[in-house]
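Questions regarding the structure given below will be posed in turn.
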Amino acid sequence: MISTKVNLGGLEMATPVATASGTFGYGFEYLGALDYTCLGAVTAKGIRLDPWPGNAMPRHAEVPGGLVNAIGLQGTGIDRFVDITVPHYMAQVKDAPPMIVNIWGGSVDEYAEVARRLTEAAATDECAAIKAIECNVSCPNVKEGGHTFGQDPAVLNRLVSAVRAKTTLPLIVKLAPNVPDMRPYVKACEDGGADALSMINTIPAMVIDIERRRPVLANVTGGLSGRGIHPAAVKLVYDAHRATKLPILAMGGVYEAKDAIEFFLAGATAVAVGTATFSDPSTARKVLDGITDYCERHGFSSVADLVGALE
Amino acid sequence: MISTKVNLGGLEMATPVATASGTFGYGFEYLGALDYTCLGAVTAKGIRLDPWPGNAMPRHAEVPGGLVNAIGLQGTGIDRFVDITVPHYMAQVKDAPPMIVNIWGGSVDEYAEVARRLTEAAATDECAAIKAIECNVSCPNVKEGGHTFGQDPAVLNRLVSAVRAKTTLPLIVKLAPNVPDMRPYVKACEDGGADALSMINTIPAMVIDIERRRPVLANVTGGLSGRGIHPAAVKLVYDAHRATKLPILAMGGVYEAKDAIEFFLAGATAVAVGTATFSDPSTARKVLDGITDYCERHGFSSVADLVGALE
Amino acid sequence: MLDAAAKALEHVEIGADYRRLVLEAPQLSAALAPGQFVHVRVPALETSALRRPFSVFDASEGRVTVLYKTVGRGTSALNGVKPGDVVKVLGPLGHGFPVECDGEALLVGGGYGVAPLHFLARALKTSGHRDVVAFIGGRTSSDLLAVDELRALGVDVRLATNDGSAGVKGLVTDPLDDELARLREEGRRFELFACGPDPMLKAVAMRANGTGAKGWISMDRHMICGVGACYACIQKTVRGNSRCCVEGPVFRAADLVWE
Amino acid sequence: MLDAAAKALEHVEIGADYRRLVLEAPQLSAALAPGQFVHVRVPALETSALRRPFSVFDASEGRVTVLYKTVGRGTSALNGVKPGDVVKVLGPLGHGFPVECDGEALLVGGGYGVAPLHFLARALKTSGHRDVVAFIGGRTSSDLLAVDELRALGVDVRLATNDGSAGVKGLVTDPLDDELARLREEGRRFELFACGPDPMLKAVAMRANGTGAKGWISMDRHMICGVGACYACIQKTVRGNSRCCVEGPVFRAADLVWE
């Protein structure tokens, strides 16, 4: 028996496979199409204080190797989230996997307040599934949104510190991929008291409808995800792992076990499946099975032993 | 008859389709497999002062949607380049398209000296094909190389100014894609006296051989190119075009006319075909034919009218 | 919801660009209701390609039938499916039509929009509803789908084409308006059920709202997940930005907000 | 060099994992010399996939034949090519073997490395060279390719397998060493021509260098462009980092630097 347990900065995961924020709704939408026992965690869609309408339509375009999206973080606000959504998730999903809540806001204070509310809720039975916070400082699709927070290490540090002050939950910070060097950002998170990092968010991108001579997305630009970004994600995880001891939740084009194992070897403690779920909802299951199979073949008794295990 | 002429910061191109540096050798290697009359320019492989051995093998890995390479700028030095390579190109290729010479170096002085030598050579009959310099400040594969130059706007400005001082040839600066914001880099080039920009270089990436638990590339990391990076490239060209009047030579996943037209509409004056040539050497021909066809269908009498022509 | 591995039983061209694909998927077939849709993985596309959503033309006897128009990359690739091939089909998805109707059921369909109306018509007929009239429109006669199948169900079918090659020359709302006038005159009740291109749907919704009748409008929005997880498929409604794939695809005409 | 649109004429399995693909490409066929290779676009792979390089097993009468082992994604996809399909084939590429030899021609091949040696053997025989001995090795008997074809050309064929299932049990260098000893005793001249896995090539090159005989070694390096444009396919030589695709694939044994 291969041990699949991992600890992501205090978040105990029964398996190293999670779902990526924004690709798995509020956790329950894929019931029936996926065997949830394979999931070490689900990550909820980005939540902020108040409800948010998101961008105009169209919000996505299919591209070779993936997807460009500009959903714009449409979401129910924190009230409805803790009152209805999380309890619903827990009621619907038997042995519900721990939930990582992805948060964002228009100001440092808003991030901190959302974190406070979640921490409060997590202490109640109705929302006990809430087990960690993922701070999204890198969504390319909301101008007012978190993007700028993730682009300046000093601002990032302030943000992480403020959120840290309001939560005892494991705090994961989700970083932007389009930087010349991960290190200052990693350090800003470390110094701010983050428990883990997650990467990568989508890569800024744009698709033009040449017949209409217009951007396909109403938001003009969006974020590239899926198969094609995987090699770029592996590089960033590798860089971050060499710069820090913080555990890393890696995502970006995980379609097969091979993709996840590359992430582990590059230094990730866990992986999240995102865009791949759209084409095959059972991706996470297949990925987990492939990981344990790999461990068996290579004589690893625990997935945790794969982390950073490059020769 | 559609006019296909464009002017890229002083470089007169008979068509808006060039080849990308490092994917088309020194210009003559694809003779026989491509009708060269479709080319507005060829870009030579990166050249520096002295010969350079490049990285150890393996130097590439195929990935979905493209390629990760770490050739490491192997190349003949400037002496051999002007004495033998360029004259050979001109002798071999009938009506040789203008050559853009991609340069790099370990110091600002080295860049400047290579530029000076090229400018001198370009004035001779034997090397008259040399018509522009492309300053590579963004190759992810050479540590000692240009990478750092492209990561700091101040350093970039110093580099561009120094090269500018040594050359009267059209000066194109090739920027890195992995930045949070193109604008400071664009401004550094403008202020330094660049005539044009080119983008994007490859995106830093890594591939791991999970069976051997080793990076596939001897250089550990490399650069991602090809189809999958196209939407990210379009976004960066769009951003740069809105930030400057400098003309842009766009590259990154041009496989079909559609890809090139997206670049024009986003603001590029010309495009370069890179990785696509490897799978289909006649890509540039097909791309040009598709562009003129599009112009006809949409009532554009000149390709130049497409530049930035988003509705 | 389940992701069925469905075997293709039949795949035939039905006029110009339209095809009928019959799949064997007993569990899914039993679970589907009229107006719901399925999300299909096109086998020939690369693994990273998105699924394609299709309404259900019919679900019975362990089979699920879709009727589709070849319009782009995905549907072209779908053409290659041969009997015996296995296709992954996620469903049942979304909220469909109510299978009940107060008064005459007026079904209004354009192009492949007829597909869910056929399933609805059969269900209404099966549940004993007598007065079902279908208004079917298209550019030309070859765009009028399922006419014979509907007639075989005992549905009163009225046709309209832009070029007059079949039925009334004009829009599908022309014969619909005639019928609405007649019903108003006779003081009879009715409900509207529609699926097709946006302008047609808007026209039908306006008529429902204008007459105070119930209107059930099936919207067609670009989708990613199909299950409510991604928020790509927004339709503006009185409740804000609603997801077409779970809050729809069938919306009440009164709830829709048109831009 | 040209990028021929070649029609597949024949595609057959020849033992375990090996296949022979015969293509119609008159211009290319006429231009190819032994030891050169072609760069093949595998039709079933996505457009962005790299080409795959293959040595030429034979080129005559307007045909180009390659013999390949199915080892991965590209070669598996190549299996699907059917007679009548069109395959893009770039060639002739690289520097091949000299078709002349001072003394006995000793051909040493392993696995699919026999392919270019067959083309060479035929050319040597055609040009009147009598003494051609081929040493063919493999893991097991099914890895020994083109044995009958070589014998039919009048080549003296010696076999070796690791498991002893055909020929000598051991390495291909075992029968080679016997022959080298005999030649030395008789004071006869010879040249070595080799293609196969790296360890075998190194062993042959060492023997050439050790005896002062000429050795012609065909190297197999991962390639991108195949034409000298990308510098992916490096082989270390006394001249530095040489490109296998243009300076090779056949190198002089004396020029190779082994790591």
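When the chains are written out, they are named A, B, C and D in that same order, and each has its own residue count from 1.
One rule holds in what follows: a contact is a pair of C-beta atoms (placed from the backbone, for glycine too) under 8 Å apart; a residue touches a chain by one contact, two chains touch by 3 or more.
What you are looking at is a predicted structure, and each value in this text was computed from that prediction instead of being measured.
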Chains partitioned by contact, subunit B not counted: A, C | D
Chain whose mean Cα position lies farthest from subunit A: D
Interchain centroid distance [CA atoms averaged], subunit A/subunit B, Å: 35
Chain centre separation in whole Å, for subunit D relative to subunit A (CA means): 50
Multi-chain contact residues (two or more partners), subunit C: 46, 48
Overlap residues in subunit B, where contacts from two or more other chains coincide: 64-66, 227-228
Of subunit D, residues touching subunit B in the complex: 1-3, 41, 46-51, 88, 90, 221-222, 224-225, 227-232, 234, 240-241, 246
In the complex with subunit D, residue positions of subunit B that touch it: 22-25, 29-33, 45, 51, 53-54, 57-60, 62, 64-67, 69, 71, 74-75, 226-228, 255, 275-282
Parts of subunit B lying in touch with subunit A, wherever the complex brings them together: 63-66, 68, 151, 176-181, 203-208, 210, 212-215, 221, 224, 227-232, 234-236, 238, 258, 261-262, 265-266, 294, 298, 309-311
